[in-house]
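Letters A, B, C and D mark the chains in the order given here, with residues in each chain numbered from 1 onward.
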Amino acid sequence: MTITPPALSVFETLESEVRSYCRGWPAVFDRAQGARLTDEDGHSYLDFFAGAGSLNYGHNNPVLKRALIDYIERDGITHGLDMATTAKRTFLESFQNNVLRPRDLPYKVMFPGPTGTNAVEAALKLARKVKGRESIVSFTNAFHGMSLGSLAVTGNAFKRAGAGIPLVHGTPMPFDNYLDGRVPDFLWFERLLEDQGSGLNKPAAVIVETVQGEGGINVARPEWLRALADLCHRRDMLLIVDDIQMGCGRTGSFFSFEEAGIVPDIVTLSKSISGYGLPMSLCLFNPELDIWGPGEHNGTFRGNNPAFVTAAAALDAYWADGQMEKQTLARGEQVEQALLSICDEHTALGARYRGRGLVWGVEFTDEARAAAICARAFELGLLVETSGPRSEVVKLLPPLIATPDELDEGLRTLARAVRDTV
Amino acid sequence: MTITPPALSVFETLESEVRSYCRGWPAVFDRAQGARLTDEDGHSYLDFFAGAGSLNYGHNNPVLKRALIDYIERDGITHGLDMATTAKRTFLESFQNNVLRPRDLPYKVMFPGPTGTNAVEAALKLARKVKGRESIVSFTNAFHGMSLGSLAVTGNAFKRAGAGIPLVHGTPMPFDNYLDGRVPDFLWFERLLEDQGSGLNKPAAVIVETVQGEGGINVARPEWLRALADLCHRRDMLLIVDDIQMGCGRTGSFFSFEEAGIVPDIVTLSKSISGYGLPMSLCLFNPELDIWGPGEHNGTFRGNNPAFVTAAAALDAYWADGQMEKQTLARGEQVEQALLSICDEHTALGARYRGRGLVWGVEFTDEARAAAICARAFELGLLVETSGPRSEVVKLLPPLIATPDELDEGLRTLARAVRDTV
Amino acid sequence: MTITPPALSVFETLESEVRSYCRGWPAVFDRAQGARLTDEDGHSYLDFFAGAGSLNYGHNNPVLKRALIDYIERDGITHGLDMATTAKRTFLESFQNNVLRPRDLPYKVMFPGPTGTNAVEAALKLARKVKGRESIVSFTNAFHGMSLGSLAVTGNAFKRAGAGIPLVHGTPMPFDNYLDGRVPDFLWFERLLEDQGSGLNKPAAVIVETVQGEGGINVARPEWLRALADLCHRRDMLLIVDDIQMGCGRTGSFFSFEEAGIVPDIVTLSKSISGYGLPMSLCLFNPELDIWGPGEHNGTFRGNNPAFVTAAAALDAYWADGQMEKQTLARGEQVEQALLSICDEHTALGARYRGRGLVWGVEFTDEARAAAICARAFELGLLVETSGPRSEVVKLLPPLIATPDELDEGLRTLARAVRDTV
Amino acid sequence: MTITPPALSVFETLESEVRSYCRGWPAVFDRAQGARLTDEDGHSYLDFFAGAGSLNYGHNNPVLKRALIDYIERDGITHGLDMATTAKRTFLESFQNNVLRPRDLPYKVMFPGPTGTNAVEAALKLARKVKGRESIVSFTNAFHGMSLGSLAVTGNAFKRAGAGIPLVHGTPMPFDNYLDGRVPDFLWFERLLEDQGSGLNKPAAVIVETVQGEGGINVARPEWLRALADLCHRRDMLLIVDDIQMGCGRTGSFFSFEEAGIVPDIVTLSKSISGYGLPMSLCLFNPELDIWGPGEHNGTFRGNNPAFVTAAAALDAYWADGQMEKQTLARGEQVEQALLSICDEHTALGARYRGRGLVWGVEFTDEARAAAICARAFELGLLVETSGPRSEVVKLLPPLIATPDELDEGLRTLARAVRDTV
């Protein structure tokens, strides 16, 4: 009998070796709705990754889909650079009415290009321009993007090495609880700032995620964030909150920093801001920082109007009142209960969980276990990914609109996957 | 009589001062089709800017629109990170069949994130990684993007200043004809390379546009490009052609470098690759350069599947044969004739034109004239923009699908706008 | 009566504003011998600064003076680049016999140029070349020199600002006791190194002073130095001890790191190595690091042969046995007793002292007091300088050959100066 | 018979592989007087290298020697930091009277540390501080020193590679005649400056040698230097002349730029400024640039008082009138005649010479010939060195005080060495 080896797919022959998710999830996905994807063989997958946080309202959310198709059907502007368009106006008004005004946030809105890294690049440029300094402080295990500006404030050594140049002008400081509580918060950072002999180039700004998603689901305490905001204020540094993954309701409130009661100088948003998974990002900042010259930062796709349409629809549908926030916090409790139970069952594995809202992580003593669990979960029809510098954490990012039943199903699958890897 | 000053629009009150195109074109655009946009007051504009080259097939091209709506209607994957999807496969196969194979190009395909600057960042990273050197040579008046890696190889002083840090690791060389033919091509560059005492850090790569769109419609001669490719080969530097604005048929052939008969080591594509103005970009490179580790460069929106759908539809509709190329070259001749006539009429203004395919520029002795002409053209219902380091060039980028009548109309409007500014 | 204002001196009219010591000590010095200088008006000053540590054997030490004059008289080579000379051979043999061999140190010897900063530049170059990494870790309040390579690892903000470019490739870590014992030694540093997501560019080397002279007489404990050496070894970083100010017997032993029992990979020496205050420096390193190409680092004055002559004479006279070390430790105890007494007398001023061998510092609660004390001491005929990031420490660096009586005299003068400023 | 291999010398066993001159001149030098050195075996060598230009007045010049010994004998201050001393005053007055005043030069004088690279580091710092810009323009084949600031504006690729970090903030421009007269002077440089899109970071300063000594004895024409000075003035860049090797009379006049009639903003001097080969350097600048804070640049050996003594003695002895300049120009003609004759004799070897004053170079078609000639010359008792990026030039730097007979002897030896290598 002759066995013909299967032909290599076009993904393997034509696409670069840089591809990654498709390796862990070896399926060809075709359709998706809400919390579920379907591959071309008809298998269904429950999605606890949600486009790395870009699909908070689920895949192809019907409310947004309707608005999107209507817009395309009527030949609304698709590509608008930074021209004024009706779709952009609708978005700006919705953002003002549903997001900024109720929270008393004074921000100006910049469309820096449709990706998160573009928003971070814009934020860093602006901070440096305003303060006239080059240095930026970031935190251990931060992730802010892959273009050179953002990468310089990103922690991951493998990704940094990809730069091909020494990444400078950034200095890492310990994120909350990085040193296991053995050191008072900001002791080192504050000392460096106050000491004229410390050797720290005075930073223009500090950039922080309130929950480090890529870095291992590290959750900053509200008091730590408040102390950081206070430090920035006292030491004349701008505070940039990168809310690309944790904003748009992931932690409950629209912005993840609301719980701490702080008002950053600059905020970046992307991922779920369009609501539909379409490329879009925003850079928000206090009006007095708006010293940009016209076109000083630009980008071909900063006027992705279909994304403005779905973004406005999402804000109107989900953020006109406090319902979404309440629901997310409730669902988060459901997740926490399930993780507690998993960890109780696996104390021998050193299982520990952490999270907030609908972003959670589970860590095990054996660092390789997280990958094994994700692989097993995939076989069982659940998409979950690892996170952390050694991929040692199982990361849960279900869509915010996942139903209690869907969450329950996914968490049970996870529990089984854990058991199966023991 | 009391006059109430008009209320400031949300664009003025909420959007950052960084906005630019909306200042020169003070209208709120609502719909668009083919070569025309319509504002909310019902005024129609003929578009000779085409989303800075992102709308080669026109606004809301009906063929692509149909494919897009069908895809959305059937809940095709919208956001796919770098997962394998049927839409991505369709695109890859179409790109291979319509673009790579007929041209005998061996490239691997990377989806580096959906914007041009992302593709450039990926190209530069890869070149540095492959060669183990930091330095990149770019050209005078180059434009490659606004994130820090791309900005460092971009010429414009105003945009560079926005970086807030010294932009290093890049060295500018004279673009074709930069010194008005007074110096042999590459005399200086080659001398720097051959001289061990020159002080030039040996470059990993050279990045070039075959026609500098933002830089003033500077057209490199095929022999200059060939000599550059030869120089790169002899001196062990990678050649990167940034075809973001000039690729996808803008100059006639699919890639703008085909005329010169060169095969760059790395090519970046974006703008019109999705065909519909949706964010998408590609980085192409010779297979032996594909030394990326999985996920070494990534990006949330690198799997913008609706863009894959319209991209495949555009390639199938326009690039299955040589028709598009022929048509563009013919339309280009039409444009050239009209510009010749304008320049003949205005020798007193020192009017000069240059271009290739459907990208053209007209320069006048008085540097301020270009802006005046564009402003007048807008009043007359034509969108054209300036280009060049002092905005001294009127830049024509009509959609490739503009009809001869539309071209004629636009060119007559342009001629009138020139006359009106005299 | 007409008063003629005194003419400005040539120092004030011709010399740059960058001059500094001459401002605090407004005298024109003419001659010097041992621990004393005499100004042109015949006033005598006891020198507790010793050329910032360059005159450990006193001014114009008669033993060295004799050797120097003999050498000059007989037309010995003065300027020798890096040619082999008899003077250089004599020095190398003396250094080997008196310094390296008795301590079982395997070092190769490099003459990197005659100043400390040149030695540091050479050390950093070599470390980067050997390890193929750019980053260097230095410590808070470090001082390593004023050329750009050394300045990047120096802490003082005022001096760093003089660079005129952002100083990068260096990262400060907390020196011993920097955080007042509230944090375990190297907790932060080690965590950054072990965490692949920390964002620290992996260092080629760590550069450290065992006692920070300019930084405020901060004395590293032997166990801290040992832990640092161990950390460097485990984490594949080279350990550079900058012994420019603390070497040549200042702390008792010839090298200041001997007490800790560590063997650094690279050591820099300068200041007192020539013994006579003549410009000279050395860079020592383990033989396996000696991957320099011929002339890869050079310098016009790296063969300052008169300095080799006095250096050899000093080593032969003072380091052929352990007498010098014992004497220095004994004199150090004498200084400590006196400082203890001063501090006991001025507990109300928060007076605290610290030091080792014959380098000591006294700090007061009021940061301005140190400068006042030094000014008063000058009036009383004693040269002492401040140190520390806010010039808050009175620094004592008497010549090692100062007699007990001279030390006593100086310490009594210091005690009086303290009292006079209360 | 047993042959015992000779023991390795301490130079071979203990000194670093970085040593270089001692390899080409395998002798152990012991004494020197005027233009001659003597090795320990009693062989005599005529010195046409003069300490790389540090011994313009010859070895151990008796006039300076007397002053030096007197100073040492009477216990004059040896090491003075930047304290005011009688020796420094004497030097400053002599420099003012003999150098600055007769040439109507308004410079302030800074003692930046005793080596050339220190002076260059200070000059670059000051230029950056004054202009608030980071970028410096240097020239192809420039040599300015080996510390990181100076190395970044040095051309030699081998030496640059030793840095271990990417050298940035410097951009090379073509030195005079670099492109063999095929390009108008400064065409490229001026175009880069005037074009807002060129990509050149606006330079704070331009640093230039009037004759490139290390770079291959490349002589800038006076009109080229004047055009450069004019360009700097028009384009708001400071002009730094690095006169470390070519100053102190090497080209005839005290400063090498006098012939061109220009007045640089900043001048660096070292090498022969002390006259006796002792480490010393100066940084001179226009008074309005003197914005240094006290101690903002410093250095332990910036007050090398024995060097001040010999420097003042040399200025008084040789620069009180125009005699030295006339003599150097006359001796230069003698050298030129001899080189003309050598080149005429060896047209088949493509021998070409160039130079000015008493700095000359001879180049041959075969790049390896220069090294062979120098090696042969050594055997014949003449010290000459190669220069140029490929060591392709025989470089002649005889002491200015060499007699016509000594010059004649050396030139005849050179002629013979050339012949012997054919």
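As a convention for this text, a contact is a pair of C-beta atoms (placed from the backbone, for glycine too) under 8 Å apart; a residue touches a chain by one contact, two chains touch by 3 or more.
Bear in mind that the values here come from a model prediction, so they are computed numbers and not experimental data.
Starting from the Cα centroid of chain A, hunt down the chain whose centroid lies farthest away.
Result for the farthest chain: D.
If you tally contacting C-beta pairs, which comes out ahead, C-D or B-C? Let me know.
Of B-C and C-D, more C-beta pairs in contact link C-D.
For chain B versus chain C, what separation do you get between their C-alpha means, in angstrom?
Between these chains, centre-to-centre, one finds 58 Å.
Centroid from C-alpha atoms only, then distance chain C to chain D, rounded to Å. What do you get?
Chain C and chain D have C-alpha centres separated by 30 Å.
Using the touch rule from the top of the page, what residues of chain C touch 2 or more other chains?
As it turns out, chain C has residues touching two or more other chains at 134, 158, 165-166, 169.
Report the residues of chain B in contact with chain A in the complex, numbered from low to high.
9-11, 14-23, 25-33, 37, 40, 51-52, 54-55, 59-60, 65, 68-69, 72-86, 88-89, 92-93, 95-96, 108-111, 113-118, 121, 124-125, 127-129, 134, 145-150, 152, 158-159, 161-166, 169, 204, 244, 270-271, 276-279, 283, 285, 290-301, 304, 306
Could you list, by residue number, the parts of chain C that touch chain A in their complex?
Touching chain A: residues 134-135, 138-142, 153-158, 160, 166-172, 174, 178-179, 182-184, 187-188, 191-192, 195-202, 215-216, 388-390 of chain C.
Please name which positions on chain B make contact with chain C in the complex.
Residue positions touching the partner: 165-166.
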